[in-house]
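For reference, the structures are reproduced in the following blocks.
Two complexes are shown next, each including chain A; its partner changes from chain B in the first to chain C in the second.
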Partner chain A sequence: MKKLFWSFSLLATLLTGCGKQNDMIKVGEFASLTGKEATFGQSSHEGTSLAIEEINTAGGVLGKKLELLTEDTQSKAGEPATVVNKLISRDGVVAVLGEVASSRSLEAAPICQQNKIPMISPSSTNPKVTESGDYIFRVCFIDPFQGTVMANFATKTLKAKKIAVFTDAKSDYSKGLAKFFKDQFTANGGTITAELDYNGGDKDFKAQLTAIKATSPDGVFVPGYYTDVAIICIQAKQLGLNVPFFGGDGWESEKLVEIGKEAVEGTYFSTHYHSDVGSAKSKSFVANYKKRFNGKTPDALSACAYDSAFVLADAIKRAGSTEGLKVRDALAATKGLEAVTGTITINEKRDPVKAAVILKVENGKYKYLETVNP
Partner chain B sequence: MTMHSGAKRSLLIAIVVAVALAPLLEWIVKTHSGNYFNGYYLGVLIDIAINIILAVSLNLINGHTGQFSLGHAGFMAVGGYTAAKLTLSLQAAVPVWAQPILFSAALLLGGLAAAVIGLGVGAPSLRLRGDYLAIVTLGFGEIIRVVFQTTDFFGAATGLPAIANWTNFAWAWSLAAVTVFVVACLVNSTYGRGFIATHDDEVAASAMGVNPVRYKVTAFVIGAFFAGIAGGLFAHHKRFLSPTSFDFMKSIDIVVMVILGGMGRTPGVIAAAIILTVLPEALRTFAEYRMIVYSLLIIGLMILRPQGLFTIGKGRTAKV
Partner chain C sequence: MELFFQQLINGLALGAIYALIALGYTMVYGVLRFINFAHSDVLMLGAFAAYFLAPGIAKVLPPHSFASALLITILAAAICAIIGILIERLAYRPLRNRPKLTVLITAIGVSLFIEFTCQHKAVFRSETRRFPELLPINDYHFGGLVVNSNDIVVLVTTIILLAAMWFIVQHTKTGTAMRAVAFNMQAASLMGIDVNRIVSFTFGLGSALAAIAGILYAMKAPGIDPLMGIQPGLRAFIAAVLGGIGNLPGAALGGIVLGVVETFAGGIPGLSNYRDGIAFAMLIGILIFRPAGLLGKATVEKV
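So, the complex of A and B:
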């Protein structure tokens, strides 16, 4: 009996505080606000909130205001399924925005697909994410493109012949990006001197870095996340491995230079966007973002998240309805939309066709180097 | 004998209630969704049942038998991946009416696979005691996770997507009832006194002709079996398996349920499993501070009730 009592009293606490009806359009967001990749979630969340605020000041969509409901995934597997289920079935959102990490987007995607609720991932670059179903979209480029861009960059700009690849075995994103890089780099006539793994969250990389150093590469490709990358760069410098390190959009965080300091100087990475270049739209985004978040410069993840909300609002407007199927069709028909990170046209695989930028770390800042068009 | 038939009756009632309640709840979700009960709450109810299975089965090892295992998530992973792989490869070939048969076969196979691994891990390592055993089981749990993380057959780091959504209220709660029944009856049986003897004093137990290693391995294998079943339910509930779901922190979560509930006290452990599943969900309004509040509540509960939530049955010889 006691067991029953407990479960019912706790359920009752859960049940209160729901079921309010209002005339706002609810949009769900799930992001890694805490945990290992917290800055990803925070950046995305700021971008999304700014977009929603701007859309609302401009009068909302279909005469209604948008309401953003945000849930934290704690950078943990297992959480996205629960929170997306909550957003859809309890809060009744019309669409879901999220996540940055591909593995967490992959977890949420089947739930959105099953409930016929459109989902837009702001910056999951693994191709498999949108393959989950025809309700799943994204507003960033995909890893085959990013891998190719970095391989061509290594061959042409760095003039590298021998590259070592250092992959995060825990991350699907990292493994995918490494594969696409290797394919293109060897096709360009380069050789991969070493392929080594680490586990995301490791603190000591010296064994692998020593092995990499022994193969004397011209550069090291590390398709990982910033927390690990910063430590990898520090330990590489300590071991006297003074070749350029470069990677993908997982590097994009203020924390990279904060942790890495002078060790990350002279490294390169590809990402979605840089605040120095772009259209009038992106300039006004930077200005508004700085105003809203105390002078903070937006990173690529906030820009992508901003775009995801913007693309959604545009689709709802064109659909003239918040019904899942109609919004989905409108999203699929998105064409030539001027967004912060470039012009977005959604292709038949529900991925956008757009450019990547390559940045260099210089004096603790990210310096724009070049734009690569698909 | 009377006690056992009473327990059997409660088991039957629990299963009947679970099976009868399931379509009702699903009907409410379908027609009245969003008002008082919806798919999210149903999902949390299923999470609770899965956590009860995990906590009660770990309680057999950590509580009743007194062996400190930190590898429960590893066994859950074995069961989850085995069951998911089986249903993924066969579900297309099986007609709709046979799906429950395939699902029960998958769960059973997952449990057996976990039990076999449990035997492999337990037989050598259970000769150790206390802290040493904790470290060895922790190590094995991590090995199991890393194997899944690097095996392409099991989806490696990507995980296994698109698993059928077969775990429902009836399956989860019936199996939770079966787990509680089996563990309770086992511990209360003549044979089961050996677990408690091993827990109380290994030297005295072996002097009385009880073979502690055998009892420890038995507890370990049965615990692993139910963890495997829970893993299968988990896989078909979340519909996506990723090796990071089964890391060391997951094992710690289950251990916390057992300690908070009171080592070796099934009602307390069940209550703890319910509380520790519902609490993080109820605290979602705290957003970023959620885990701080959650941890503070656990610390508070531990200070107020260091002996576990319930102490009923303390005076009795058998702790159920």
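So, the complex of A and C:
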């Protein structure tokens, strides 16, 4: 009984404690800071933090400073629902930023929609994410575009006629991107020689890769995440499957080359942004980022996350309020906003229309190849 | 035909690792009659032990040499043997005379404890790390077939360790004592066998096997993380039941069968997604038609 009393009084203290801080605007962030896709969350978090710090240094929004509350999803299904519920109901955030992985954004989106809290995903590319409701936005391109870009790249640059597709059956992102790739590639006159699946987190891919090799494709499209992709490339080389491997923005992590080493050399992937190209805004972002994070070069995920916070702050300013509906309307009206990853105009599906870049892995670095405009 | 043999090679290499892990499960089961669910986490600890030992050993012995790989493996196995003995001492021994279910649930608890402690920032963190190359990796081509040097290492190690286990259990004094403890713990202790010592030995041996399996698994897929043991552990558990739990050759056979079946299923478009499902379907099938497992008998001599 005594325990119960103490927990109640503790709760009361906490609640009043929260009430006092109404001079701050609370922004929630959920990211995979640990686990299988840890570098996604870490990159995003760095981008978001940098943006929030810069906005606060410039005087904040509506005369108030932004306070970023970050929760870890551990790269696991189930966690996003828990942490986003906590951010909304316990912390009382005015908006939510996150996640990278589409499956996890899809988990949080209905919760934000139900509570009428605007959510901006920095880099979830599956089209279903923003279809969850009119409070859900994103600042990156979507997979029908990315799939088309990579299918055209396979046809034109790789001059491939036959491609095998190797999909992560556990991930909405992977399944969606695989589908859009196949549609465009077959429309280009190419043939899909084999379609095989794996489960994210598997360590043995030789069974599927052997089957892929038997169909002698010109290249293999793997729309997966970097930890799996690195091991897939290693085991493919061991089996003598020496055709180009290529994929989407899920490949972007320094861990890809750290784990994959020489096995990922000569692979290609599409992503949102590369620090070598871009506007003056992008150059200053790269410089500030390096200064803030010990000389680290930002990747596309940190750039997108930076933009997500920036777009939100801009919308709150224009709305003149932190009320969910007003911020939502202001977000939907975002037009021609100069951001790091390009000019952002939110369309009626709450997605921006943006260019993609294609990178090649060369000497353990990501080399910029080309920009593809929509 | 070439595809068939290539998949057979892939399956054998995968199955050999399952077999090695299954040996540890089955040995502990044989003596104590419970499944040590923390076994798969000891496997992970073995891989991490090797990961942290490798840079140190590289200063003494040339890296990528057989001697350095052997030394790293032996040290990692020793570390894990101590961890295994500690787990038994702290978590299972106080519950020795309680219902088996209590120990089983404790084992799940120990497993979760290790997994989540290791994911903590101050321990290993939860991101994937690159496992160093312990041995030079070569591919051998036989016509269209490719055999990786790692696969050969895995198969040879499994065969040697299986033979060694068989020898220890059947032809040494400790092994005789293990069989006696497995047969009747009380009677064994009345005959002057130090039961606690034998149980510790069994755990130490099982954990050393898990460590070696962990290192081989990490050599095959060089990305290690604190949850890496769960999937192979689960499959090895199935393999142990498949072969007849408590039976050493059964565990090896179960591992190989499972690895091969899983690999063939994985190579079929449309079925490749159901590798785990197929493993469990096999388990259910075995439990229905041969409850004692492939090599298990109703009155099996345990261990």
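Basically, the second predicted complex is superposed on the first by the 353 of 374 C-alpha atoms of A that agree within 3 Å, B and C clash if a C-alpha of one lies under 4 Å from a C-alpha of the other, contacts with A are read in each partner's own complex, and residues count from 1 in each chain.
Just so we're on the same page, contacts are C-beta pairs under 8 Å (C-beta built on N, C-alpha and C of every residue); 3 or more make two chains touch, one makes a residue touch a chain.
Quick caveat: nothing in here was measured; it's all calculated off a predicted structure.
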item	value
Chain B versus chain C as contact partner of A:Gln74, first or second or both or neither	both
Per-residue contact with chain A, leading partner among chain C and chain B	B
Which of chain B and chain C A:Lys317 touches, first, second, both or neither	neither
Chain B versus chain C as contact partner of A:Thr82, first or second or both or neither	first
First, second, both or neither for A:Lys367, with chain B first and chain C second	neither
Which superposed partner A:Ser103 touches (first chain B, second chain C, both, neither)	first
First, second, both or neither for A:Lys291, with chain B first and chain C second	neither
Which of chain B and chain C A:Ile111 touches, first, second, both or neither	first
Partner chain in contact with A:Ala169 - chain B first, chain C second, else both or neither	both
Touched partner set for A:Lys203, first chain B, second chain C, both or neither	second
Residues of chain A at both interfaces, chain B in one complex, chain C in the other	34, 74, 169
Of chain A, residues touching chain C in the complex	34-36, 38-39, 74-75, 169, 194-199, 201-204, 206-208, 210-211, 214, 227, 230-231, 234-235, 238-240, 255, 258-259, 261
Sites on chain B touched by chain A in the complex	29, 33-41, 43-44, 47-48, 149-150, 156-159, 161-162, 165, 238-240, 242-245, 267, 270-271, 274-275, 278-279, 281-282, 284-285, 287-288, 290-291, 310
Chain A-facing residues of chain C, complex	2-3, 6-7, 10-11, 13-14, 119, 125-130, 137, 139, 141, 146, 148, 150, 217, 220-223, 225, 227-228, 231-232, 262-269, 272-273, 275-276
Chain A residues touching chain B - in the complex, by the definition given at the top	2-3, 6-7, 10-11, 13-15, 17-19, 33-34, 70-72, 74, 76-78, 81-83, 85-86, 88-90, 92, 103, 106-107, 109-111, 114, 126, 128, 132, 169-172, 174-175
